[in-house]
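Look for chain A in each of the two complexes below; its partner is chain B in the first and chain C in the second.
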Partner chain A sequence: MNISLRKQRILYAFIFILPGLLLYLMFVIYPILKAFQMSFYEWSIMPGKPNEWVGIGNYIRAFNDPVVRISLRNTFMYTLVTVTGQLILALIAALLMNYIIRGRTFFRTIYYLPVITSWVVVSLLFKYLFQSPKGVLNHILVNVLHLIAEPIPWLRYPSTAFIPIDALGIWKGIGWGMVIFLAALQTIPNELYEAAAIDGANAWQRLIKITLPLIRPTIVFLLVVLMIGGFNVFISVVLITDGGPLQRTEVILSYMYHQAFDFLDFGYGAAISFFLAAIIITLSFLQIRFLRRPAETS
Partner chain B sequence: MNKRKHLTSLITAGLVALALLVAACATPTPQVIEKEVVVEKEVPVTIEVEKVVTAIPLPPAPVTISFWHIYSEAEMKMLEDTLIPQFEAAHPNVTVESVQIPYQEFRRKLLTSIAGGSAPDLIRSDIIWVPEYGAMGALVALDVLMPDFQEYADAVFPGPLETNFANGHYWGLPLDTNNLVMVYNKAMFAAAGISGPPKTIEEFLAACEKIKTLGEGKYCYAKGDTSAWSMNPWIWRFGGDITDPGYTTATGYLNGPQTKAAYEFLKNLIDQGYMHPGILGGGVDEWGGFGNDEIAMIFEGPWFPTIFGAGEYGLALSPAGPGGPASVVGGEDIVMFEQSRHKEEAAEFIRFMLSEDSQVAMASVGQMPVLKTLADPGSPIDLDFYGIFLEQAKTARARTPHPNFTKIEEIYSLAGLSYFLGEKSFDEAFNPAVEKINALLAP
Partner chain C sequence: MSRIFIAFDKYLKKIMVYLIIVLGAVGMVIPFLYMVSTSLKEHAYSIQFDPGLIPMNPSINNYQYAWQLSHFQIYFKNSLFIALTSVFFVVLFSSMMAYAFARFEFPGKEIIFFSILLVLMVPNMVGIIPQFLLAKTLGLRNSLWGLIIFYVAGSVPFNTFLLRGFFETLPRELEDAVLIDGGNYFTIFFRMVLPLSTPALATVSILSFLGFWDEYILALTFIDDAPKRTLPIAIALLHGQYGTDWGMVFAASLIAVIPVIVVFVSLQRYFVGGIVAGAVKG
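And now, the complex of A and B:
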């Protein structure tokens, strides 16, 4: 066995990578390719039954489907609102957390709790809070604070039905963004702030001129990751409105799910999911391409 | 997390190495081919062995059949603690695995398992799914598999039996049947000065006007959605229908004047604030509202008394309109999947569940039996309890038994909601819906 040390190391590396690679191929790559294949067929879910080739028929259908358009708009709006909300609130929480010394662990735990709660449980809780006419929130607004005279039917109209869904998305995401921001803030050397203070910079100037530029890579990272998360909104929509009323609160994934699992239109569902995949890949690419400075991309 | 990853990688790497080693050891040696002659001589010995094997009576191999259902807790207790042990005692080699799945999950879970080739042997299916699964090729035609099928078909009520028929075959047998009767809140009726349950839709409307006087947050009626289960009884009460009797067209039925009158009646209930607004979005907790004296009338099946428990309520026939006191037929069929590997044993379990003893046992926990003999006077089931449902059964009808039912229902459910929300007139909502449904009805 005359194998050079270099070859041995490559062999070892390969053996160690192999199991993970196999699992990745089996559970990630294979389903993606399979779904891509399905998107060109009128797919029958019965094993062994023939599937009818429809070419790009499913994609044309998705392009002309008004509900796909509504779902796309809702998904974009959800992403816009929740990513902005999460970024701003997470940054504020992280800045405050960076200043306090006492109780930092306590507050960090409190803020992080929503992140580790189950989507299913909190979605049902939010649905319960926003019930009409006798939900908890309506009760507080009408009977306790007397802010409004009539209970608001939150889940009846798309404009208000997204309030609980957006609120849940933001509330659940702040803690995670905060932890990432906090880590970035702690890498900024104190001398910079001291020098700025000597030059007479106030707190706002220090934030704009020092903090934000220095955590720019973190902001870009969070933006991309949160955006991908936003586009994948699913559980909260299915559990709070299930796309209703009148399919007005459908998002891309919930609509895809209804097509595939309620109406057995697996080919169409697969085509819709590739629609979404194409959008996410394009946007992520553009974000990284234009928001990062050349020095950071390496 | 990382440690576990490392461990998994190590174990898998070890397994891979082991597999390579085994493959290396199994390298065939070419000399073996020359020794074939010896094998030929052994043939008579093989015959002797065969004779010995046939002489020993083989005990039947142990078999497990899976049965998925949506039974309530009380029903499941009866199934698992009484019926399945009886069946297993009579068939010592068979074990029945009972799996309870919530209604909302059932369809998706089942379809995933069919696609994966691991469908259960049997399910207790909502009657409305059977034509779809049958047409899809997922089910076993019981009239082909069971030589004694006709005996069972003759013993059950014809209405529930028909829900199993599609594409020229019977894909199942009815297991239980039900329909909806009116449940009214006696305390609210007394407070509003209503003497008894409304017998006609005019009386129903009059009752609603009186309930309204009880004040804010009091509703005469509630329904959380515009599904076929919720809407069809009203359409039928007004003399309308979804399609023609042969299920070939919806034109003149779903958008006909009687159906329109039914939807207008309900929209008026909503607009006047008689009906709980949850139907417009967000849903409604019907049982909770009924129990808290906020909702005066709901429509429920024979499961209601057993699950809801005692309370100040009465049961009555549905209010009658021009189409009579119509109601909707519900219930479940027992069906077997083509993917089942133990079809004979599964058929035995179907026979067992349709036996008089099993049907009587399930009747004691709220499952309305399907055997004709059990509706006769002197029947061992509680006719006081089932009387009203047996009476309502005379005017209860089935929802469109068609393989495309799920899509058809979605279309008119959405049309109904857009009309109730005031976004479209009845014609604007229902004429396009009828066209879409006609396309789905076409063979």
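And now, the complex of A and C:
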């Protein structure tokens, strides 16, 4: 390839990349780097007043902040519960859907409805369903099924306030996981199952010995993406409990948002969000490294 | 005898499977049914709490209140304008960028691409404080176009990543033929690559549209003026104002949700293909 043609191609490449790249650098990359810088300052909201360099002061403060500790624990618990719930239920749903032919598209659509519905709407919906004393769920538990004598004030106590949030997280995510599992299941050749059946393997053995190992990359993918999603929980918490009662149901992002936009503590908010980013990036790399390897070498 | 038994066993198994699937489907749908039912109950009934799934005196008054008195016709228009405009620019810019990544060598290519992968892992909200200050400085707060710029910029990374994978599967031979015939890379891109990529572009468009239509956090942070609100913030605020009037809140919610469901059900094949393509690439 001669030089002028090569230069010409580079020029074309930059024309193609330019509009997207400019927006990306200015409105995505710059804010992230700026947030990193802010996290080392006592950031002043007053124009003209200088920002005070505090080094890792904001991070130390976050480390000792009891609400950060509560938020971290809540975020981890939410992620653990919802990722596990979504993975198991989505896998079961996909295995069942893979078994049937008639009505598959119809049921897939139904299971996917929560996925496409706005977080704002479904959060308010779950808040409504879990109301007390006069909420739909309490009504069903007390008056229809007679499982409990008194309505449960779900949102009043930190111990139960996460139940609607967890339930929502799982309910909203099953359809997405199911669609992806289903696509992976359909790549497994039927002959493998037939051969295993001839060898006398039962359904459970076929699941453990054939299906799960073969869809391992999909499981890892879902695990990583769902985990990132779990750590990013925000809208449902803000709309269902808003971190209450007494900040006991804050998650990292809701606490960060409250610090930044209610208390205008921008530097501290930025530090908290980087705390979360560091956790997510580390865990993502660890999961990809340790879980994907065996599948690729075998 | 045993053959009949096996056939019967299979039949029974199938019934069991359908039974569980239907049960799951009921679980998926019931919350929505309660939403619809409550939206059809008028104020008084919501307060008295009529827990029945079928409203005693169904009425569409809540929808009329939401649409007119609560200005949801304005919010609907805002959301539609923002979502459609953003989709147009996201598709254009992401596909251009993805094409450059798929076909050209240029300085900085690896670094930019690696940064995109890294950004996909960083929570969107990490940049929100500087984004807020930036919008203020540039006069983009309280502006629909301001939201559009941030929406487009924010979804360029993921869609570039998705489309690059798709463009790489297109045959290069056709492109060389266009060059020999005296066309340039713009001819190739607009006349050949984009038309050949309709399914992928449809996927990107639909998924982005949904994302913009439902976006809450940036809109909440950037928009203060009531006439500039989008549906998600208007719904959340409605709940804040009329906490107990769930009928009205859900009527407004359904105004936002029903178009999405219609789009989803009619364009499903693009959706499912795209979701899976994104997953396999990831």
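Following the convention adopted for this analysis, the second predicted complex is superposed on the first by the 276 of 298 C-alpha atoms of A that agree within 3 Å, B and C clash if a C-alpha of one lies under 4 Å from a C-alpha of the other, contacts with A are read in each partner's own complex, and residues count from 1 in each chain.
By our rule, a residue touches a chain if its C-beta (ideal position, glycine included) is under 8 Å from a C-beta of that chain, and two chains touch if they have at least 3 such contacts.
Fair warning: this is a prediction, and the values are worked out from it, not measured in the lab.
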Task: Residue contacts on chain A - larger count, chain B or chain C - done: C
TODO: Considering only touches as defined above, state whether A:Y99 meets chain B (first), chain C (second), both or neither.
DONE: second
Open item on the list: So in the superposed three-chain picture, is A:P114 touching just chain B, just chain C, both, or none of them (first/second/both/neither)?
Closed with: second
Open item on the list: Contact-wise, after the overlay, does A:W204 reach chain B, chain C, both or neither (first, second, both, neither)?
Closed with: neither
- [ ] Considering only touches as defined above, state whether A:K134 meets chain B (first), chain C (second), both or neither.
- [x] both
Open item on the list: Applying the document's definition of touch, where does A:F290 land relative to chain B and chain C: first, second, both, or neither?
Closed with: neither
TODO: Name the contact category of A:G20: first (chain B only), second (chain C only), both, or neither.
DONE: both
Open item on the list: Between chain B and chain C, whom does A:F261 touch in the aligned arrangement: first, second, both, or neither?
Closed with: both
Task: Doubly contacted residues of chain A, that is, touched by chain B and again by chain C - done: 16, 19-20, 134, 261
Task: List of chain C residues in touch with chain A within their complex - done: 14, 17-18, 20-21, 24-25, 27-29, 31-32, 34-35, 38, 49, 51, 92-94, 96-97, 99-101, 104-107, 112, 115-116, 118-119, 121-134, 149-150, 152-154, 156-157, 160, 184-185, 189, 210, 213-214, 216-217, 221, 231-232, 235-236, 239, 246, 249-250, 253, 256-257, 260-261, 264-265, 268, 272, 275-276, 279-280, 282
- [ ] In the complex, go through chain B and note every residue touching chain A.
- [x] 5, 8-9, 12-13, 16-17, 107-108, 111-112, 114-117, 136-138, 217, 277-278, 280-283, 406-407, 410, 414, 417-418, 421, 423
- [ ] Name, in rising order, each residue of chain A that touches chain C in their complex.
- [x] 9-10, 12-14, 16-17, 19-21, 23-24, 26-32, 34-35, 38, 93, 96-97, 99-100, 103, 105, 107-114, 116-122, 124-126, 128-129, 134, 136, 139-140, 143, 171, 174-176, 179-180, 183, 218, 221-222, 225, 228, 231-232, 234-235, 239, 253, 256-257, 260-261, 266, 269-270, 273-274, 276-277, 280-281, 284
Open item on the list: Give the list of chain A residues in touch with chain B in this complex.
Closed with: 15-16, 18-20, 22, 44-47, 49, 131-134, 153-157, 161, 241, 244-247, 261-264
